[in-house]
Amino acid sequence: MPAWLWLPAGTAVVVLVLPLVVLLARTPWPDAITLLSSSTVRDAFALSLWTATTATAVSALLGVPLAWWLGTGTSRGQGLVRLLVTIPLVLPPVVGGAALLFTYGRGAPVGSLVWNLAGVTVPFTTAAVVIAQVFVAMPFLVVSLEGAFRARGVLLEEAALTLGGDPWTVFRRVTLPGLRPALLGGIALCWARAVGEFGATITFAGSIRSVTQTLPVAIDELLGHDLDAAMVASSLMIGLAVVVLV
Amino acid sequence: MPAWLWLPAGTAVVVLVLPLVVLLARTPWPDAITLLSSSTVRDAFALSLWTATTATAVSALLGVPLAWWLGTGTSRGQGLVRLLVTIPLVLPPVVGGAALLFTYGRGAPVGSLVWNLAGVTVPFTTAAVVIAQVFVAMPFLVVSLEGAFRARGVLLEEAALTLGGDPWTVFRRVTLPGLRPALLGGIALCWARAVGEFGATITFAGSIRSVTQTLPVAIDELLGHDLDAAMVASSLMIGLAVVVLV
Amino acid sequence: MPRSLRLDVDVEVGPGERLALVGSNGAGKTSVLRLLAGLDRAAPGSSVTSGRTVLVGDGVHVRADERRLPMTFAEPRLFPTMTVLDNLVFGAARSGRSQAATTRLRALAALDTLGLGHLVGRRAGELSSGQSAVLAVLRTVLAPAVGVLLDEPFSSLDTEVAADARSAVHGWLDQLPVPLVLATHSVLDVMALATHVAVLDDGVLVQHGTVDEVARRPTSRFAASFVGLDLFAGHSHGTEVLVDGTFPGPASARSDRAVAATRPPAGPWTVRLSSSTPADGPVWVAVAPRATTLHASRPADGPRNIWETTVAAVEQLGAAVRVTCAAPLPLRVDVAAATAIRLGARPGATVWGQIDPSSLEVYPA
Amino acid sequence: MPRSLRLDVDVEVGPGERLALVGSNGAGKTSVLRLLAGLDRAAPGSSVTSGRTVLVGDGVHVRADERRLPMTFAEPRLFPTMTVLDNLVFGAARSGRSQAATTRLRALAALDTLGLGHLVGRRAGELSSGQSAVLAVLRTVLAPAVGVLLDEPFSSLDTEVAADARSAVHGWLDQLPVPLVLATHSVLDVMALATHVAVLDDGVLVQHGTVDEVARRPTSRFAASFVGLDLFAGHSHGTEVLVDGTFPGPASARSDRAVAATRPPAGPWTVRLSSSTPADGPVWVAVAPRATTLHASRPADGPRNIWETTVAAVEQLGAAVRVTCAAPLPLRVDVAAATAIRLGARPGATVWGQIDPSSLEVYPA
């Protein structure tokens, strides 16, 4: 690499790394315990953990069969479905949130159906947080698992069938164990995306303490009046990101 | 695939696709032209286009050399740098915005340096929008290009050298043309991420009309008082997402 | 690779009989096995039978997992997340406890015989390719079966590893109480594992017999090239055989096609044998590569069975060089590379060929 | 693959001379070429010279792009985004306009001769592998050079495509005004492209001579196996040669090692020649695989040069089968597969060997 290219390459590293270093350096670590147990951060953290986990579970339940079909089936229309379900990957979360609002809002088609049937409104509830997280995070799980399904093919399944294994046994004992690494990777990615979700959440679920105020939403609010708490919460999320990456 | 797995697979498709379909269906297309030319949407759209394009250009200038080093070099410390520059990929954008604020804000280390040297503040300016977009979008470019550099190796470069090509000729005539597809893909991805950026922008640059109010930020605001304009703007962004995907 | 191939194969394989399916790439070997195993479906209207069971045809379809025709593939396809033992007894799981226990004991015994007893609890993903190939066959042989299917089980292995695998598998097959069908490209597989050979060409059965019959008297171009012989059509009369310079049969073996492309048109040529042929009339003449000797100049031995020719092509076979002659006969002669260098046997060079008539096989067509 | 290998090679290659570097995998062929080309650096203290130029050594380092030693690799490495013509003239770009124009004309003429004139404006990424391999050599030959380096240029090609490529390249090399060094695994490359051979073993030059000299009288185990001969150490006395059953030289060729593993200890054995050897004393005995004939039972010809042995291993070479004998001599005999089947030549089987003494090469060690 010619020497003068070091300048832009180095600048790139500084641009990306410096803010994180500064944030970690300025965080008031001695007060971290106190700040973390302040009710805003604590509530938001708890809400984030359990909504992200729920959203990931839902994504896995719905997404694994979809990835299976996309990765091994040969039906027509698969290409279109693949395109449609990956749109949320590149869609700005705010737009996703808006779409959810226009769909599940009280005056909206699905929203009014739910209101008539069950008497509940979806937006600005904890359920809305989970729905928003599923919407933005499930495509990550589907896309990474689909690749794994495709790469595996059906070689092992064919062998298992000729040996006399019935289809359910084959799925349980051959297909699923083989997917474990990809499944775990996809789940980690999905969870990380869900826990960091902000745009769709604030649009579709708002920022109601203990109900819809997840950690990213809380950080946005804390930046207005409690910088120290915002710093501690942000550092916490950097830690989560590194854990997911490694 | 056992038949009963169609239920979750189908549900997954509905969850991901329905909101988009409803949004597009409910958008008041006849009024679209009028709404798009309303000053809020028009200003936000223009601002989004040029900030995202600027951010992508900056990312390419800084990111290509970095990707080259990461993809072909064999220095120690490369693994650490790769980890550090990919953190923004999984970091919630709000946290990124917070980190930028704590770094470039008036009271912050780099911010006060800039204030003393140039007499300007960074946050809540158009420059802040671009910085936020570079921070969240450049890692996409770096990661996808790094893979391309790695996959290519240095085979062609070795051949070109023995034929008598000097290093700069080899980079210009052999390396760069070979990277075109990956570069275009990485730029598209980077631009899409930049144009959809919301969390870091609103935290670090706020929502000032014509200065920092990009399209996603405007949609968030319009949801409060002009649903029709929000719908048209959202549909526009879905269109952009599909164009990037295809 | 979805490909449409019309298959016409009707072979009976008795218990303890081991049939090798041979044929060039795309001749239909794997297709036959996959149809038998139930992994592919035959076109409507056709029928696939195994024993007395109609597997596909007239609307009957037996699912792959109910056919009891376990199959080994070109890749071992062991289940990498299971232990070696769980792999080996996978097929017996459906047959009840006592069957599973028996299979377990047989598996352990077989592993011990192979000297692989220490691998019993190892995950199958950790095995070497040679071990995997052998254990894949063992898993197939241990499954409850009315017949066993092997599809080029050693084709992915190195020469020496394949030799070890072959000798390990050899013993089990002698005790196999059911028919075995083996698709292979390797004549060593046929020598070690088969009792009979069926030659397929473009989906059609063209020769079927014991290994010895097919090796001695191949009747198709592929079969001849499989056992390493050149085959010519001829006409015998007393001790003279008029040999036609053309190959008989359809052109399918890949290397033959290449030779045909570089070969000039060849005229008929007369071989004088030392004794009479069994019967006058049309015959096949099979020539081994060692029957012909090449010389750089005309040898002194006399005019019989000697001719001048040019080198049409040279090809490397390990450290030997296969020289293909041009007119009058497109014979292929294997010589040491050192000999080829001494002869200057480059394409286009002139050489003298001399054939040993006693090593020709002449038999009625 | 960063690997540490001590190289000790000192060969002179004159203008118009074409040296083939041969040796087993890892013997250092590619390392020598890459050091010469300047793509790898030699360890401090060592020196690499080319002609009178010290390329590396004593602190001098000439950059790869300034050495004028263009190289072709095992993969064609054409620049896929450039046209064929731009690829071919890439090397001349630095040498000024008139040189570039000349090269352009030469490139066009060469393309026409190859019948590839229509490809001149095509992107190199669209070529077939055979075309790419030929054009990669052409690109190297057209670049300004004080020497040309080819590293197994045809090793990735199919047999027939490689044959075409070889004959296309053959012509250019005869007019090459500079030395050529060619690393290869293929004896056909040596036959078609080289005038001299250098045999490397573990980084060390063990034999150097014309192609004919090395093919006739190999003095190392690898060289013998490269030209398809078995080599034994012996002691000659009059018409008798006492042959030791061991291979001479270091064990490096991969297939030899495998044979060694399955070979029982072999005793000395006496060959009676038809005429006296040139000199009494220690000799090499080179045996071609066709010198030995195998029989299923004892042949009637008499007791001389006939022995009973067992089959140690069989190996497939195309459609031929290579049978390795056990004691007394680990000879390798190539027979048609049909013959191997007739002999029942499985590992462990008993066969009779008969050697033709007139086809042995005996020369002083």
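Here are some notes:
The letters A, B, C and D name the chains in turn, as written, and every chain counts its residues from 1.
Following the convention adopted for this analysis, a residue touches a chain if its C-beta (ideal position, glycine included) is under 8 Å from a C-beta of that chain, and two chains touch if they have at least 3 such contacts.
From a predicted model like this one, the values you see are computed outputs, not experimental measurements.
No other two chains have as many C-beta pairs in contact as A-B. Spacing of subunit B relative to subunit D, judged by their CA centroids, is 55 angstrom. In this assembly, the C-alpha centroid of subunit A lies 58 Å from the C-alpha centroid of subunit D. Within subunit B, the positions touching two or more other chains are listed as 167.
Counting partners per residue, subunit C has no residue that reaches two or more other chains. If touching chains are joined by edges, the resulting network of the protein chains shown is one closed cycle, each chain touching exactly two neighbours. According to the touch criterion at the top of this document, the contacting chain pairs are A-B, A-C, B-D, C-D. Residues 37-39, 63-71, 73, 75, 77, 79-82, 90-91, 93-95, 139-140, 143-144, 149 of subunit D are the ones touching subunit B in the complex. The touching residues of subunit D, when paired with subunit C in their complex, are 159-160, 163, 167, 186-188, 190-192, 211-212, 215-216, 218, 225-229, 255, 258, 261, 286, 288-290, 313-322, 334-342, 345-347.
Partner subunit D is touched in their complex by these residues of subunit B: 155-156, 158-167, 169-170, 173-174, 177-178, 180. Those residues of subunit B whose C-beta lies close enough to touch subunit A in the complex are 1-2, 5-6, 8-9, 11-13, 15-20, 22-23, 26, 61-66, 68-69, 72-73, 81, 83-88, 90-96, 98-104, 108-110, 131, 134-135, 138-139, 142, 167-168, 171, 189, 192-193, 195-199, 202-203, 215-217, 219-220, 223, 227, 230-231, 234, 237-238, 241-242, 244-246.
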